[in-house]
Amino acid sequence: MVSSTSERSATYERRTSWLLTAAAVLFLVVYAWPILQPDLPTGWVHACSVANVTIWTTFGVDYLVRLALAPSKPRFVRDHIPDLLVLALPLLRPLRALRAATALARLGRASMGFRGQTTAYVVGAVGLLGFVSAVAVLDAERGAANANIKSFGDAAWWAVTTITTVGYGDHFPTTVQGKWVGVGLMVGGIALVGTITAALASWFVEHVGAAERAGAQAPDQLAALTAELAALRTQLNNAQAGDRTDR
Amino acid sequence: MVSSTSERSATYERRTSWLLTAAAVLFLVVYAWPILQPDLPTGWVHACSVANVTIWTTFGVDYLVRLALAPSKPRFVRDHIPDLLVLALPLLRPLRALRAATALARLGRASMGFRGQTTAYVVGAVGLLGFVSAVAVLDAERGAANANIKSFGDAAWWAVTTITTVGYGDHFPTTVQGKWVGVGLMVGGIALVGTITAALASWFVEHVGAAERAGAQAPDQLAALTAELAALRTQLNNAQAGDRTDR
Amino acid sequence: MVSSTSERSATYERRTSWLLTAAAVLFLVVYAWPILQPDLPTGWVHACSVANVTIWTTFGVDYLVRLALAPSKPRFVRDHIPDLLVLALPLLRPLRALRAATALARLGRASMGFRGQTTAYVVGAVGLLGFVSAVAVLDAERGAANANIKSFGDAAWWAVTTITTVGYGDHFPTTVQGKWVGVGLMVGGIALVGTITAALASWFVEHVGAAERAGAQAPDQLAALTAELAALRTQLNNAQAGDRTDR
Amino acid sequence: MVSSTSERSATYERRTSWLLTAAAVLFLVVYAWPILQPDLPTGWVHACSVANVTIWTTFGVDYLVRLALAPSKPRFVRDHIPDLLVLALPLLRPLRALRAATALARLGRASMGFRGQTTAYVVGAVGLLGFVSAVAVLDAERGAANANIKSFGDAAWWAVTTITTVGYGDHFPTTVQGKWVGVGLMVGGIALVGTITAALASWFVEHVGAAERAGAQAPDQLAALTAELAALRTQLNNAQAGDRTDR
């Protein structure tokens, strides 16, 4: 019984994966468009809102279906806290678009090595995180009185200077909502940039290590073992030679 | 004699560990509350001061008892300099709350791997360091004339931009006391963020290394050793065959 | 046929490599000179423009010749996208000078280890990236109304504070062109500084590892193998001794 | 001949090492004192200048003596470029005090491990670099018209925010000399902080690696080798058993 439930759950995820990825990408469009285009006709703004709600219902239904199919309900809830957070907090919604990046990364799994794959994923995640943060901070700051982020150019420049931790201070969020976006960008940016450094370091340790270890390692124990073996062979040789002369 | 003293010392630490952890957490509350709630009734402010002094006496007595139980007094003093610093300098007091984090980390030791444990500990330490620094800098800056940190929101935002080394410069300490808090936050933050990068790097080195080494390693010396052994076996085979035909 | 085409391509690259390196270095001069020397006589400015165009034609012809010599055209285009980007976008042109650094690094390959070589290359790349960015940002900002980068001193100081991610905010680009230069400097700077950290980390892992592993490693399996071999030898010894006494 | 020259050179370095360390520490004092104490009586300022010149003559004479004792003059000059730079450029002089830190590190070599030693050295170097930079930037900025570093407090705070790459921008050098000090601090700071991260990473790779590798490594080739050896032993056993029954 449990096995067949788990199987049905896997089948469901395989079949809906592409639909949900498309929904996440579409969400990015309907979220960003009205913010980036402030003079969008009311009709389009309304259409975007409707699409937004529809996409959200889709994710909500998907969550409930997966919960129903899960062999162990409490375990599913515990293992899918990010899904729940994304449904509950409007501010975290854009993060859902990372699902598309994950799907793309899964496509590339066959043709690239593990490190190349991770690097591609991280570069994609940095780009997406930067873009979503820039849009979200613009949404928060544009209406504020003393804000200094008034256009998407300002917001994008702020995102780049923040994710690289340069932080000139020529543009920065002033509203509470904008500052929360900034906190997310900083925390995410540090993790991602740290991952790039880590990938570089692992590449170094391996290549430099392999090159320099090749000659220098000289494992004494292996050498001792080989010497022991050679001695054994000589001894065996002599014994057989003696055997022959004895006869 | 020495062994029984050392045993009594361990028993004492095991029994008081939870009391002192509770005291450290309570200290965090009575330290932060009057600062975060400037309009707290005088009665509560007074109660917090009394609790503060009581907690401090607890830690002082604990230090003296452990000193008395220690097999070697000078060695105990040398190995517990942080405990002494925390008792002597009021500014370092909030650091004592990290004892609670350590205790929590110890609880988790059984169920998580070493790396997961370290990561959880570091994330907890970053959160605690940031919160304590924000409270301490607010305490130092609120009364100053030209200060730009006037609310806990300002202080928390300053702490995040500092620990991530972004440093916009929209909020920064201006008093000497506030600058010392900033120095502590920067030094601690660098160490903690460096630890996160290091954990990522170690994870990479291991997983990528294991994946790529699996096929490629080709240890020439082991191959040579195996060939040597095969030759020995052939030789032995032939010798025995010869033995038999000889007879 | 394919082999001879590929051979001709390699011969062509070997013969023109030095010419193109010289052209890249010369490009750096004719690009930077009119910007750094605003009162340069018109004749020289014109000469620099002509040289610039000539160098660009050289790179364009080189690209076409290599494309013609390539065994597989689509593969060549796919593998040489940076070459195409440099030809198409004027802003990326200075990056071409990195070819000279690569050539220098190739010269040094014989006398230095891999890590020393990488370090030298990265230090060279940081210097070149910083210089080119400073020149490019000065070119973009000098004419702007509210710009704060007005001299090469300002631009160089800005480049250093940006590549180190300090970012005081006393000088920063204000024009769109200048901000793109800044984005390039930040992205490139992070990668290069990450490489330095990675090189340090790999050096550490190896040296510290080697020193501490030397005694402590105790490979149980090798020890077991050696014990097995010693037992085999004893057994063989006894057998031969028995053989002799039997006779 | 060469061997005795090289021996004399080593003897000279061993005997003068402590004198030169003392001179470097004294230099730090006579360099920093007149800057930190602007109202120092003229007599003391004069004494500091004299001491400064004397120390410099000492280092100059030391360089010449070591050059005279060196077996190969051109090689000595090539290997001791930092010594020459320190003699030639007044701005680099404070760096000489790092010799004292090196000497202290050498003292500690016996009692600490390699990683502990490196960490202690780096922490010492960061402290020294920060202090010297703060003094040097104060010297450069104090007299400037629009400078914002006017006291040692300002300068020390600037040094901390710079070495941690936070860079609020509340204090920064405005003079050319001060900016060169800043460049030195940033470059040195990045290298040193990178070393701390690298030390953490190497510690992680080793401890986490050792813990997780312990059970999982399972080197297939060693296992194969051991099986081969066991087979050999069985074969030998059987052969000897056959030998005995034959007779």
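By letter and in written order, the chains are A, B, C and D; residue numbering begins at 1 in each of them.
In this text, a contact is a pair of C-beta atoms (placed from the backbone, for glycine too) under 8 Å apart; a residue touches a chain by one contact, two chains touch by 3 or more.
Since we're looking at a predicted model, the values are computed, not measured.
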item: Chain separated most widely from chain D, comparing mean CA positions; value: A
item: Homomeric contact chain B-chain D: same or different residue positions, threshold half; value: different
item: Chain centre separation (chain B, chain D; CA means) in Å; value: 26
item: Computed distance of Cα centres, chain C from chain B, in Å; value: 37
item: Shared interface positions of chain C, touching two or more other chains; value: 165-169, 197, 201, 205, 222, 225, 229, 232, 236, 243
item: Touch list for chain C against partner chain A, complex; value: 113-115, 118, 162, 165-169, 172, 174, 176, 179, 182-183, 186-187, 189-191, 194-195, 197-199, 201-202, 205-206, 219, 222-223, 225-226, 229-230, 232-233, 236-237, 240, 243, 247
item: Complex contacts: residues of chain D adjacent to chain A; value: 165, 167-169, 201, 205
item: Footprint of chain C on chain A - complex, ascending; value: 153, 157, 160-161, 164-170, 193, 196-197, 200-201, 203-205, 207-209, 211-212, 221-222, 224-225, 228-229, 231-232, 235-236, 239, 243, 246
